[in-house]
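In what follows, chain A forms one complex with chain B and a second complex with chain C.
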Partner chain A sequence: MPQRLLALLFVLPALAVIVLLFMVPLGASLIGAFESGEGYGIANFIKVFELYRWDVLFTVMVVLLSTLLIGFFSTAIAGYLTLGENPRAVAVLRWLYRWPMFVPFIVVGQVLRTFLAKNGLMNNIFIELGLMTPISATSFLDWRGIVIAFVWKQVPFVALLVAGAMASIDRGTIEAARNLGASRLRILVEIVVPQIATTLMVGLVLSFVTMMSVLSVPLMINAQSPTMLTADIAFRINSYGDYGVANALGFVSLLITAGAAWIYLRHSVKERA
Partner chain B sequence: MSILNSVSPARSGRFGIDLWWVPRGILLGALAFAIFGPLANLLIWTVTEKWYFPHALPLEYGFSNWAKVFAPRGNALESLINSVIVATVTVIVALALAIPSGYALARLKLPLRSLILLAFLVPQAFPELPVFVNVARMFYELRLNGTIPGVVLVHVTHGLVYAVWIATAAFAAIDRDLEQAARSIGASAPRAFMDVTLPLAAPGLMASAIFVFLESLDEFTGSYFVGAPDVNLMPLLLYSAGAGGNYQIASITALLLLIPSIAFMAIVERFLRADVLARVGH
Partner chain C sequence: MKTLIQATLAFGLVASPAAAAELTVMTAGDQNMVDYVNQYLGPLFEKQNPGVTVRAVGTGPGDAGSQKILERFEAQSKAGTATWDTDVAVVHEKFVGPMVKGGYLDKYRGDIATGTLVTRDNARMALGSNVDGYVMPMFNSQTAIAYNPALVPNPPKSYAEIAEWAKAHPKQFGYNGIKGGASGVSFVMGWVYAFGDGDAKKLMNGPFDEAETKKWDKAFASLRDFTKDATLTPGNAGTLDLLSRGEIAMGPVWVDMFYSWQASGQLPPDLKLVLPAPGMPGQPMHYVIPEKTANKELAEKFVALATSPEVQAEGIVKRFNWYPGIDAQHVQASLDAATWNKLFKDITPEDLAKYGKPFPIAPYNSAILEAYERQAMN
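Right after this comes the complex of A and B.
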């Protein structure tokens, strides 16, 4: 048997699973978005606009803010791991920052729901320390809770990617800038970050897509309106069996992601080719 | 580096103490609080008997909720067993699919190779939720909804992307000459694969198996649409216990999901080099 045919046979079963259980349902979701009781049209999208336009805005704002914060914190952590001059502090940080990476989202939701509540452990500690009075304690279980959960979970992942990229850049330019008296912050911003910008962007886009499809965190942390589109989709299906509007909501979240995904795919194809 | 240190004015205080430890300590302490505060809170909840406002810490501690979770007829134990079965079968199916694909992608001449690689990347570039919703609808017609095979298929699709990537990387990292040497002394192609290539790729494949196992154990969205309420799994139990206000059961379930993940973090570097790990997603 020619090798090419054999290779194709090896890949085919896995490819079939991806096509049948991912791409076909994805296509069904795109078509289903335009399907309503009266046939094909934009009826579902009108409903989405009437009922969920604030949730669309809420989702975009929450995910964008989380992405920016993830970018900031992961660059700061990776930057200190690369440029830090105190070996002990670097070792402590290296040991510390990775912990949340392997914590599943559903566990993140449960952990932060009890931690960030009005009378959760965080406020309790602040009150005991005298940093806050019991009356001024507020619950963080709204958009802030979602942002905190996303940032908490995703920063280690992006920081790991970025730190790997920073470790492989040429130390010569960094040492040269140091000898000329540049501050470490300036070296980070002007020399290191431009060289790892692609890796940072890939990490942020992956995080963006992940955050757009997490259902457990908004369900557990933000059981109110406005909420994330994922929670709206689940509600539409469970309460009304309304696949049309659910798919239209899915279509909107696909559109939001499409921009990000396009950047990512273009980059990774270029790199693999 | 040493030159810079010696001219740094705050390097040593009057008593030889490095004053930089003040900002460093504050920042590292704040980070430790942000990471371990929530996790400590989880641990406290698992042994809480009574805890209400305005008490900063529980009033009574005990293990009565652990007994409830592991009661022989409790639905918690059922969901634990279901989760392990689903995850094990998912690993077997995913690896059976990923090993030949990974080998072909890494070693063989494959027509349309970049297009096929792209196909394995697509699930990473789109939100999964609309897909799961329509898979559930499709499975409903095929009578796969609410069955263990249905849940396994969803988890395989989710885990396959990582399994194929890691398997491809594992095979690509093996020296081609070793296989050629086995062939030249008369081993058949399948024999060379089984005796030379597969054992050498084993650590990478092992990492991919553990990864797929954990992804399946922790998967919520697909299980929620395809499995619930007939197939009871741990993430679903966590969700429903938490939604019902039973934070003790929810926290114990969360801890049971957390332990294997943290253990994986501790051993992952033994199986996967950091540069391979960093390439996942590229």
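Right after this comes the complex of A and C.
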């Protein structure tokens, strides 16, 4: 069947790219995770547990908290875009909220580093306004800084997806609820969000995976220990040339993102069914 | 599997054979290293050798940058490439040993005139590996403690005094741990030299002995307490940032970064440096020439120019505030007194001779870092 052969031929380049540039390195790093000086085994994972267990927990907590906050803020923004009654405010918000999407993570890190420092811009504004004394100023350059950076950067992305979904739901359901006297908040929570829950979930899962892989933000903002897994992976390679433990750390973060991917797949399969 | 990846990598890198008149200089380190070649050394060399263009490639700051160069050599060596894509490389001390061992480098010091101007130990031994003949030091850098005299009128003169001071002034001492740049790493190494029960000389000169690594428990226990009272900063620049904003009063910094930031107005001019006893580590950056460069003669000429007393005086000391790579007495003659005095104002040549230490040899270096992760952070 020449037509089928032709189809295969067309798929081949894409397939080769995926195999060569994605599957092979992934396989190599998975195998490398079990490879140490003493041959194959779980020595690397023992080291990960001994040295980096708090970092694993820290990473999961930071990313989960960020995901929750992203869900909250993006729903709020998209909700206002859909249900807002002041056309001018809606227009301004629509124009403003997308900007952070175009700012690279490393720039976010750099900006927040001067913004959130103990004597940084944010605290200086509070002090000038008389809301705070210089003595009580504290630095936000720790896990809070990472969460702020992640949320600021990822909210627009999820809000964009969610706002699109909200715009395409049947306005009739909203109008009906409004006619019956429901407040806007109640409409958002009880009518709109349940209808776009799948889209919201997909956006959050994608954000979760993105945040798991960001290196620049924890490096620039969080100097403390514990830190995020990406910083540990970079450190293992750069300071020790130790790819084994770095791969094992990668394996652990892969397991974490696999959890998120599982949720994503379950939802997208359900959607198509 | 690893070989497969390296082969794939090398495949991508297969050197587009450089035109005879193009010299590729690959340099690890911060942007200032690339600037140094692009803005100063390159144009100077091009002027002396018409028709030649110098191309500088930066591979990124810190050990990561040198690691990338090492891996590049490794990949090209394994792929059997006939001529490599690099003519001159600038790498950290720690990576020269593996490069010599891998047989990637040309033994060129005897071939160039400036080779005799270097007598310092660290041009012969690099963290326990014999690299004699394979390297010319580009410059020597040193870490020291920067402090704000307004807040610290009597700076501590030793590690013991620093520990005492930090305890009395919680959160006023800042350093960047070991994951955010080498000034913090250097501070930790100095701490082990000062408070470890073993012999610091053995850590610097080798040989490696597993038993030695068990003698640091007390040092790391005290470092753990010390770190609780200290502020952790994000990176080498982070420490300087916090110093300039007055958030910390003291912290370890690279001397050259300190002076450069002061010169550009990013640091208040009244901040000062002190090199505490029993000493803090510093390190040279080395010029190396790959064995398989296509332009060996040009490359040697380039390094000879880069390590000539005039270039070392004007470029290394005057413009970039580094300590010279070749012996200082050869450089002093080409420098005005003001510049010389500025570099040696806070830290005298005697201090430097007494308290300027090398980093520990590679296996101890890794063992100390891992012990820090295990005992001082968890």
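In this text, the second predicted complex is superposed on the first by the 252 of 273 C-alpha atoms of A that agree within 3 Å, B and C clash if a C-alpha of one lies under 4 Å from a C-alpha of the other, contacts with A are read in each partner's own complex, and residues count from 1 in each chain.
Everything that follows uses one rule, which is that a contact is a pair of C-beta atoms (placed from the backbone, for glycine too) under 8 Å apart; a residue touches a chain by one contact, two chains touch by 3 or more.
Remember, predicted model here, so these are calculated numbers, not experimental data.
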Side-by-side fit of chain B and chain C on chain A, or clash: clash
Partner chain in contact with A:183 - chain B first, chain C second, else both or neither: neither
Chain B versus chain C as contact partner of A:119, first or second or both or neither: both
First, second, both or neither for A:101, with chain B first and chain C second: first
Touching partner for A:237 - first (chain B), second (chain C), both, neither: both
Which superposed partner A:220 touches (first chain B, second chain C, both, neither): both
Touched partner set for A:6, first chain B, second chain C, both or neither: first
Touching partner for A:25 - first (chain B), second (chain C), both, neither: both
First, second, both or neither for A:93, with chain B first and chain C second: first
Chain B or chain C, by number of chain A residues touched: B
Contacts of A:138 with chain B and chain C, given as first, second, both or neither: neither
Segment of chain C that clashes with chain B, given the candidates 2-10, 146-154, 200-208 or 218-226: 2-10
Overlap of chain C and chain B interfaces on chain A (superposed complexes): 24-25, 28, 32, 113-114, 119-120, 219-220, 234, 237, 243
List of chain A residues in touch with chain B within their complex: 3-4, 6-8, 10-11, 13-15, 17-19, 21-26, 28-29, 32, 85-86, 89, 92-93, 96-107, 109-115, 119-122, 124-125, 127-128, 134, 152, 160-161, 164-165, 178-179, 202-203, 206, 209, 212-216, 219-220, 230, 233-234, 237, 243, 246-247, 249-251, 253-254, 257, 261, 264-265, 268-269, 271-273
For the chain B and chain A complex, residues of the former touching the latter: 1, 3-5, 18, 20-21, 24, 28, 31-32, 34-42, 44-45, 53-57, 97-98, 100-101, 103-105, 108-111, 114, 116-135, 137-138, 153-154, 156-157, 160-161, 164, 214, 217-218, 220-221, 224-225, 235, 238-239, 242-243, 247, 250-251, 254, 257-258, 261-262, 264-265, 274-275, 277-278, 281-282
Chain A residues touching chain C - in the complex, by the definition given at the top: 20, 24-25, 27-28, 31-32, 50-51, 54, 113-114, 117-120, 139, 141, 219-227, 231-232, 234-235, 237-241, 243
Residue ranges of chain C in contact with chain A within the complex: 1-2, 4-5, 8, 62-64, 67, 176-180, 185, 232-235, 238, 241-242, 245-247, 366, 369-370, 373-374, 377-378
